[in-house]
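Each of the two complexes below includes chain A, the first together with chain B, the second together with chain C.
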Partner chain A sequence: MNGTVARLTARGLLGRRRALLLLLLPAVLLSLSAMARGLAGADQQLAVTLLGGFALGTLVPLLGLIAGTGAIGPEIDDGSIVYLLTKPLNRHAIVVTKFAVAAAVVTVLGALPTFAAGLVLTGTSANLAVGYAVGTAVAGVAYCALFLLLAVVTRNAVVIGLLYALVWETLIGQFVPGAQALSIQQWSLAVTERIVGAPAEQLGATSAVGLATAVVLLVVVTAGATWYAGRQLRTIRLTSEV
Partner chain B sequence: MSTLQISQVSRWFANVVAVNDVTMTIGPGVTGLLGPNGAGKSTLIHMMGGLLGPSTGSVTLDGDVIWRNEQIYRRIGLVPEREAMYDVVTGWEFVLANARLHRLPDPEGAAERALETVEMTGTQDRGIAGYSKGMKQRIKMATALVHDPPVLLLDEPFNGMDPRQRLQLMELLREMGRQGRTVLFSSHILEEVEQVASNIQVMVAGRHAASGDFREIRRLMTERPHQYTIRSDDDRALAAAIMTEGSVSGVQLTSTGRGIGTHDGGGALHVQATDFAAFVRTLPPLARRHGIRLYEVAPADESLESVFSYLVSR
Partner chain C sequence: MSVEGAGPAAGDREHGVIHDIGYRHYDGPRLGRSYIQRSLFTESLKGSYGFGRAARTKVMPMLLLAAMCVPTLIIVVVASVTGGDELPVGYTAYLIQLQVVIAVYVAAQAPASVSRDLRFGIVPLYFSRPMRRVDYVRAKYAASATAVFVLLAAPLTILFLGALLTEMPLGEHLPDYLRSLAFAALLAVVLAGMGLVIAAFTPRRGLGIAAIVSVLLVLAGVQTAAQNIAVVEGADTAADYLGLISPFSLVDGVAHDVFGTDTVLWGEPPGAVGTAVFVAVTVLLVAGCYGLLLRRYRKVTGT
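Entry: the complex of A and B
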């Protein structure tokens, strides 16, 4: 971890238009939740649909994509990363710092609003608020690591990340059982399912993978992607054109 | 006192050879890396700056390998060609951040000194995004100087500068050289290089074409054979006459003339003169003696590329 790298990353990430985009998504979740509560009362089924479908299924992958790629991608594209690379800094320290900033952003703008939305929707009943808050937190952390790695290895990180999050996890994951085992969303749902406990089954908040597998995969993907991104940053090739 | 050693270095990208078997030693003082666009200057500077590994050969600083050696940056300052910086911050914040990234004991003092050196203290509190090209160049320079490195690498530092900024930077580079630093900058303009650099390394098409001080490089460039394109009313007869001249080393006839008075407009004579002053002096009387009318005598393309390609095939 490096404080200066963290400050520069945060300034870049929260500067200008990207900050608006980052704030827009949780604002949508909270207004939808307030509306749902107002119209339908405290409805656990509706809460699972909103928190599972929107918060875990859309909000957090998108936040992870914006924060994960945004923590390093623009610097690589415009070449300004050269100011970090020409310093006696360990490349892994640079990546870990950037990952931590992105993960913090997704936790604050994804998991915390999910917790608030859960409270708005159903109060503390059935542990839905806590369950989905923890689920979106671990999902957000894993997405950040994965998408940061993508931004280091390819210029098309945003497109590939969108395809993964929306097409693979959401579309294919719904219909192809095998694909669900390779889905950050499903791994995180396993954590949520465990916290929610018995009611998860009847509310349909169940994961395609077991808890132990899910936790191992989350840790392996997060740590592995971060480590590999640091390794790739050591030999990253910058374009030389102006 | 630091020395960069480039030993039999080649670097290729897929099937493009950007740097081809280059060996050079860069010692203290100001060295200019001169070459036309695409010569491989940036690729070479990136290898000296540890941003790119050589495909073969080695690049070292005082014996230490530069590639994948992060600690080398304590001794190297690099001014990149691209303009992008972390422009959400001010000049002061950015230079200070660079000082902190170096973990200097007194980052504020170091940032202050670097900004003074590049004369940016007056505008240091403005956002980088609002700086002119010259100001950005100076902030880039300050970030490279903030840790007082013995080696300074600059890629096309004069690009986009106005004449006054150019003079200031030239003076700054000379001063860095006088202090005993090893300063290397790239440029595609000979006049720029010879005003600052005590040593010039010329690159053409990935190859190390020549090296020396500016007098030696000038001599190589002005004493090369000069090319002329000549049109006359009888190119063939003129070619024969010109060949008897001692100042000429080669004559080529591109489309055959059809005899006196039938100049077809498409033909021309390409002459290579070893002594161009003598050649220009003797051509008109020569033509008159043979009863040939000269329509046009023009120096062939004098672009830097042709100058440099001569240096390579020399």
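Entry: the complex of A and C
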């Protein structure tokens, strides 16, 4: 961890346009929840649809993508990463710092609004707010690690990340149940399912994987992606975009 | 190359003189604005599928095109085994089901088309030619819309050819196919416009991609959620009008009323007023995107 790198990363992440986009997503979730509560009242089923489908299924992957790739992608893109790499800093420390900042941004802008939305939608009944808040927090952290690795490895990080988060996890997962075993969304849903407890089954908030598997996979992916990104950063090749 | 008048005879002259130092002039034909516009259109269109660019830029568009087309092959094979006069999925329904893939393509392609020019300061070079801003915007918009249309039309064509090969009635499938092409064209114009506007305001490529996908998917998500709430509440007219929120449901509604395609998403524009509102919103959206693009390119800097 390095304070200066963290400060610069945070400044880059929360630059004008990126911050606008990062704030827009939770704002939509909150206003949608407020509207749902106002019109339909406290409805647990609706809350599961909104928190599971929109917050965990769309919002957090997008936030993780913007924050994870945004933490290092632009610097690699315009080549200014060399100024950072020529400093006497451990490459792993650089990646860990950038990952920590991105994860913090996603937690603040993804998990906290999800918690607030859960409270607005159902109050504290059935632990839905807490369950989905924890679920989105672990999902956000894992997405950040994975997409940061993608940004180090490839120039098409954003498109590949989108294909993974939206096409693989959501679209293919609907038709091919096996695809759900390799899905950060499902792993996090297992955590949510455990916290919500018994009502999860009848509300349809069930995951395709068991809790133990899910936690192990989440930890392995997060730690593994961060470590491998640091390793890749040791031998990064800078090419110009054509 | 203006050089101040030098030499004894020019000593009292105020004006600078351009010396003709004997370089050969170009006096061949000048091809003019429309030629430049056409070239920019073709190059941008080719560029959106990676032709004329590095090999690795071809990977993504081709992958997405394959993602659009491969399921249709499976559908055609299934239909030929099971028989019958109908495909298991409608033409427009197929496109709507793959709206995520379409959104990702629009998002990946629009920034590649305009953001690089802005970021590397190439736009002022374009405008130092006898090309106007309008020409640039028109060429880019047309190329982008055509590229998206190709992505949409390819799977439709495979479905149609598959239907013919399995001897489904031509009289039923040809009108459906043509209607769905009209739907695809309208959707392409709307999506390309939105994509280009967002891309033109976010010169960073990665951010542009994320911004376009976020806007398209969040609008679709809000539309679905809001419509569900409205249906549960029994506000059917309101639910119908909520289709205006997402570009996909908007085009779906317009295409249903104007071209006669089957609606895929819930509801349709209510009555003649609904039709007028949906058409008006679509026209305003496209005109607005075009206007915003023109505004964006009124002043560009070279950095």
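For the reader, a short list of remarks on this structure follows.
Here, the second predicted complex is superposed on the first by the 239 of 242 C-alpha atoms of A that agree within 3 Å, B and C clash if a C-alpha of one lies under 4 Å from a C-alpha of the other, contacts with A are read in each partner's own complex, and residues count from 1 in each chain.
The definition used in the following text is that contacts are C-beta pairs under 8 Å (C-beta built on N, C-alpha and C of every residue); 3 or more make two chains touch, one makes a residue touch a chain.
No experiment lies behind these values; they were computed from the predicted model shown.
Aligning the two structures on chain A places chain B and chain C next to each other without any clash. Counted by residues of chain A touched, the larger count belongs to C, out of chain B and chain C. The vertex angle at chain A, taken between the C-alpha centres of chain B and chain C once both structures are aligned on chain A, is 70 degrees to the nearest 10.
In the superposed model, A:203 lies in contact with neither chain B nor chain C. Once the two complexes are overlaid on the shared chain, A:51 sits clear of chain B and of chain C alike.
Touch criterion met: A:234 reaches chain B, while chain C stays clear of it. Of the two partner chains placed by superposition, only chain C is touched by A:166; chain B is not. Following the chain A superposition, chain B and chain C show a smallest Cα-Cα distance of 10 angstrom. Annotation: chain A residues 241-242 touch chain B in one complex and chain C in the other. Residues 53-54, 56-57, 59-60, 63, 67, 98, 100-101, 104, 107-108, 116, 201-202, 204-207, 209-211, 213-214, 217-218, 221-222, 225-226, 228-230, 232-233 of chain C are the ones that touch chain A when the two sit in their complex.
In the complex of the two chains, the chain B residues touching chain A come out as 42-43, 46, 49-53, 68, 70-74, 76-78, 80-86, 88-89, 97-98, 100-103, 143, 159. Residue ranges on chain A touching chain C, taken from their complex, read 17-18, 21, 24-25, 28, 32, 35-36, 39-40, 46, 49-50, 53-54, 58, 62, 65-66, 69-70, 73-74, 77, 151, 155-159, 162-163, 166-167, 170-171, 241-242.
Residues 2-5, 7-8, 11-12, 15-16, 75, 78-80, 82-91, 234-235, 237-238, 240-242 of chain A are the ones touching chain B in the complex.
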